[in-house]
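Below, chain A partners chain B and then partners chain C, in two separate complexes.
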Partner chain A sequence: MDQPQPILSVRHLSTCFRTDRGVVTAVDDVSFDLFPGESLGIVGESGCGKSVTSKSIMRLLPEHLSFLRPESQILFDGMNLARADERTMREVRGNRIAMIFQEPMTALNPVFTIGWQLDEALKYHTSLGREGRRQRTIEMLRLVEIPNPEKRIREFPHQLSGGMRQRVLIAMALCCEPEILIADEPTTALDVTIQAQILRLMENLKQRLGTAIVMITHNLGVIAQTCDRVIVMYAGRIVESAPVKQLFHQPRHPYTKALLESIPRMNPGDHGQRLPSIEGIVPSLYDLPPGCRFADRCPRRQPSCVEAEPELEPVDSASLVRCFFPWE
Partner chain B sequence: MTVRWLQSRSARKFFRHRPAVVALVVISLYLAVAVAVLLGGVTMEQTLERIGPGNLPGFQGRQLAEKRVEDCAMVLDRVEKALKRPSNLRAALGEIRYGLLRVADRPPEELRALVDQGWEIYDELVESPDLNADPSLLPQIEQLERLTGQLFAPLSGWQSLVRQFRLLLGTDRQGRSIMLRGVYSIKVAIQIGVITAFISVLIGSLLGASAAFFGGWVDHVVIWLYTTLSSIPYLVLLVVLAYAFSGAVWQFSLLGRPLSVDVGNTLIPVYVALCATFWIGPCRVIRGETLKIKQLEYVQAATATGFGRLYILVRHILPNAAHLMLINFSLLFIGAIKSEVILSFLGLGVKRGPSWGIMISHSAQEVINGFFWQIGAATVFMLVLVLAFNVLTDALQDVFDPKHL
Partner chain C sequence: MTLLEVDNLVKHFPVRGGLLSRVVGRVHAVNGVSFQVPRGETLGIVGESGCGKSTLGKVLLRLLEPTSGRIVFDQQDLTQLSYRQLRPFRSRAQIVFQDPNSSLNPRLTVAAMLREVIRFHRIVPLGQTDEYIRQLLGKVGMPADAQGKYPHEFSGGQRQRLGIARALAVKPEFIVADEPVSALDVSIQAQVLNLLMDLKEEFSLTLLFISHDLKVIAHFCDRVLVMYLGYVVEELPCLDIQRDARHPYTQALLAANPINDPDERRELRVLEGEVPSPYNPPAGCPFVTRCPLVMDRCHQEMPPLETRAPGHRVACWALDPPRPGMG
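Right, the complex of A and B next:
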């Protein structure tokens, strides 16, 4: 087989939370592969489990409130991160799998200069000397297109704009040259022009450094611009997985199709018209229906849909879909 | 770094705040005095030394005529008694000293003559029916005082200045300098304030931050500890701890040499008693702040960078609570000084040497007799320091508050 080896394989990942109302499964049997140099988008609406998926991979969820089901496997470089101990995780985090957070405003420590914060990560994960780390810090800031990095390293987070801070965070995430970068809604808190800059920057960096990216977002526009492959999640489950072009041109799952249709467009004829939206609400995770989780809101629903849940099955060579009656 | 801070916005804001600058100057003076005392500027022996008649008012104020005559009589009496022991006259005369004043190096006959003259005037004065109300007797009283003064060796210019300084605020009942006692107490107060506040903030921050950050049983233990301790009335706890330590002697060996520390006579009981109750305040505050901070994304980001939990607690969370530690430090500093005064007043605090509390407690008897110099001096010394600290803390809060212009 000349198929490349995946760098990260998630198998049957189920993340549960202990709550006052019992145990909730926020991510339910999620499996996917990430290949070197690839961008994988995870898209879905709020609460569908996309952030929990990323935090489960990094094992960032509070241990007294959550647990992974025993069948969960997160295979990375011969290790199963789902079972790894704290020491192994510390080696992996930041160094081999890095993460960018949604809020650039609060993701930097306000009492230290950005130079200090970049330096700290390098000190922890590399054996560079003081001057070497300084060089690297400046080099990274230049890479993320921050003007005047020699001066900027002495500044505090509050002296930078949101876009600048997100660039610093990207620099921090990439400074140890991780194999995987998980970006959890990296552009949500930024305004549109800055969003475009940041996305272009990430695209450039991916080309230059060969980092695999997991892009988590609810914004389909971001996915269309940056990703090679997309996973659509709904109520804790993957409902569709397809290459990005195919997903946008030929969505298979009714949810994906509805999602694409509800993107606001600027067509002259649409003026004054209501935006299309998906009727109904997401089922509560406490009280899931026995059949398809989207059945309630689905325009193609058949009586069989509410009786049993469909499996995630291949519909063609590249895509998987969880539906009894996918669009052709 | 320092230079940059002086040019910063908060520094300019601070220096615009006049009372704060004054307070800073006052506190610096106190600190300078404390350091000077620590380096031996004023020794404990000097504060215990008799420098003149008892209950002398400050600023060279005049006492009642009766008291002045009595003070002279006391000196005459002492010299006379010494003169009656010719075998070791030098030693006997040497024992008579008032601070820097020594008996003059004159032949015994001359001293005897001065004493006799003194007694003559004294006898006349005592016979008058109302010494205090009769102004015509004043010249005689002054003459008596001059005579007694001649018994002592004259002081050089510098020495007489020093003597005037020591007498500036008068003397207590035992004729000890109130000025020196007040100044020495600055060192005691600042020492107790700094050490207690530092240890309390340190313990409180570490316990509070660990409780919030690690949660679980750590949190339960810390909360149990501080709710239990804070349910005991604070003064009762102080009294119990101070009692428990009084008279205790610790014996241990250091580098093979046996050492015994007379704990009851050191300040250790005061430190233990104050720290045992004072750490609760910072602990509560820091625990709350840590609970807030640990939710923030930069803490998660630090975990995602691979840092260990203890490292994140110490390097990322505690620095973000530093402003609370600073404010708590200054609050506890004041609190410790005030509590030391109360403890010493109750006889449970400082055991050796003076402190403001001891001065106030000693002045109880004097106040009844209408002598307010000792209690006044101790109160003013303390008031100025506490007030300056409060003004400074207030100003610092304003300066560090970005919403306050």
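Right, the complex of A and C next:
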């Protein structure tokens, strides 16, 4: 049987930042594959490197402050985006790999109409004429369920609600039919009933257009509801990678398991009980321990954990875990 | 015994516009809210952005002036007091804010910040202040050497502990916690929630817990008020909220909450539309624009909050009328 070919392969991605206090490695030796039509979740807490991973793939990080280590590879359609020049990236960005951001107000330009901003992307990436682009713009807004698109294209971002702005961004991201959509905390700034609308919309669009999605979020509920496969990051490292059902039913890494347990479940039996919590805090990237980065918060810690860092290794056919003593 | 009783509380913000900055309209942030909080209870307030939950919390402590209505705290009507007369109340009721970065003074060390409140309210004799600060930091799980440091030297979770320490410093009976864990990472949220739970026990606190996260409220609170566009649409016990919720908005909040189980990947039951602007609320029930059960009557009249079971009140025309004798 033919193995499906990944549409995107990230290999040994390490992203470093030059700071006043020296060089920090925000993303440390991250490798994963994304397959066509798949939803891949990247989950972790603030500072774990999930957003930096996505911005590295898009090469959106400022070059005077950051760099990718030489061994980093981002393989997409025969190209290594880690080495690509700006001209190549402009062809890829928006057109073939699109991205939506957490805060739709800052991602939209406040002084141009919605229609103008959608039109700009089409002007750059397609050969459509003026009327064709207008048709396409309206069609895209209709696709993301914006009522009255003919009227909306003449409005400015501040005239729209948060949920509507996020729909516009999704329309903008999808207007060139990209092969990959990277969604960086797309619903974090939204209310829960609006979040549900946006998640349903993304799911429908994925079914219809076959776009592969990388969903970056800190919300495990969003991952459980939308993703096929999940990568868990902690302090710049991938600590676990597994199919979604396996991750939620049988988490292997102590961090994943503790994270899942610390979320209230609305189960009458637990009401008012103390929540299982992870004591301590994430280590500073300036001062990483020599051993496992989770060791000082880990309930399964053994002396060997603080001496050497475990590798990310397969535990079964589908999952990887970075732990000397994973849960069975 | 009732510690706090709120009666028909209203808060409108004037909207100014035009050349002469005349009042051109009003934002109806809190619309005739009434409830009681017994001593020792944890009452939750849940709702989406713009529903008035934070405004309500601030009005209760008179950090904002109410437009009308009564706030009775331990048999005293706060709305009748002058600022000077409010002082004793300030040491009995405190607030913890959502964002510890902006609610802690960046120029004060931890000790200076705590000393200020402790001395102002004369909580302990002068000579015992330092010892009291040490104890206080211990209570919120901070190391003793935190005293000489500035807020920026701490992580988000630690800063929220400091915010809690400051509220606790005056030995209050009542604390309003306004989204105290929303700015924190998941693994830190549980730590801070557990801390609040322990402190509540140890100091016999009464808590008002404001959050947009129904999971956290349902776990942590005894009872919850569900707010929508300035109105309380349902008040119910939290023990089994999934079974008991009756109002279509509460049910929608529950259904929209993405649960941590990939096997139960339900078609997220989605509420169409968005929250109307509180500047121009619909006539009748505020939920009419999105309600799946909407009827003619809903457009004309706001349904009253009626008692359906002990401790359970719902404002909805579409439900069967409550049985007589209840409430």
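Operating definition for what follows: the second predicted complex is superposed on the first by the 327 of 328 C-alpha atoms of A that agree within 3 Å, B and C clash if a C-alpha of one lies under 4 Å from a C-alpha of the other, contacts with A are read in each partner's own complex, and residues count from 1 in each chain.
Heads up, the rule we're going with is that a residue touches a chain if its C-beta (ideal position, glycine included) is under 8 Å from a C-beta of that chain, and two chains touch if they have at least 3 such contacts.
Please read these numbers as outputs of a predicted model, since none were measured by experiment.
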{"item": "Touched partner set for A:R274, first chain B, second chain C, both or neither", "value": "second"}
{"item": "Partner, of chain C and chain B, that touches more residues belonging to chain A", "value": "C"}
{"item": "Which superposed partner A:D191 touches (first chain B, second chain C, both, neither)", "value": "second"}
{"item": "Touched partner set for A:L122, first chain B, second chain C, both or neither", "value": "neither"}
{"item": "Touched partner set for A:A107, first chain B, second chain C, both or neither", "value": "first"}
{"item": "First (chain B), second (chain C), both or neither touched by A:G94", "value": "first"}
{"item": "Overlap of chain C and chain B interfaces on chain A (superposed complexes)", "value": "none"}
{"item": "Complex contacts: residues of chain A adjacent to chain C", "value": "45-46, 161, 163-164, 191-197, 199-200, 218-222, 224-225, 244-245, 248-249, 258-260, 262-266, 268, 270-279, 281-282"}
{"item": "Sites on chain A touched by chain B in the complex", "value": "58, 60, 64, 86, 89-95, 98-99, 101-103, 106-112, 120-121, 124-125, 169, 172"}
{"item": "Contacting residues of chain C [partner chain A, same complex]", "value": "48-49, 155, 157-158, 185-191, 193-194, 197-198, 212-216, 218-220, 222, 238-242, 252-253, 255-263, 265, 267-272, 274-275, 290"}
{"item": "In the complex with chain A, residue positions of chain B that touch it", "value": "215-216, 296-298, 300-308, 315-316, 319-320, 322"}
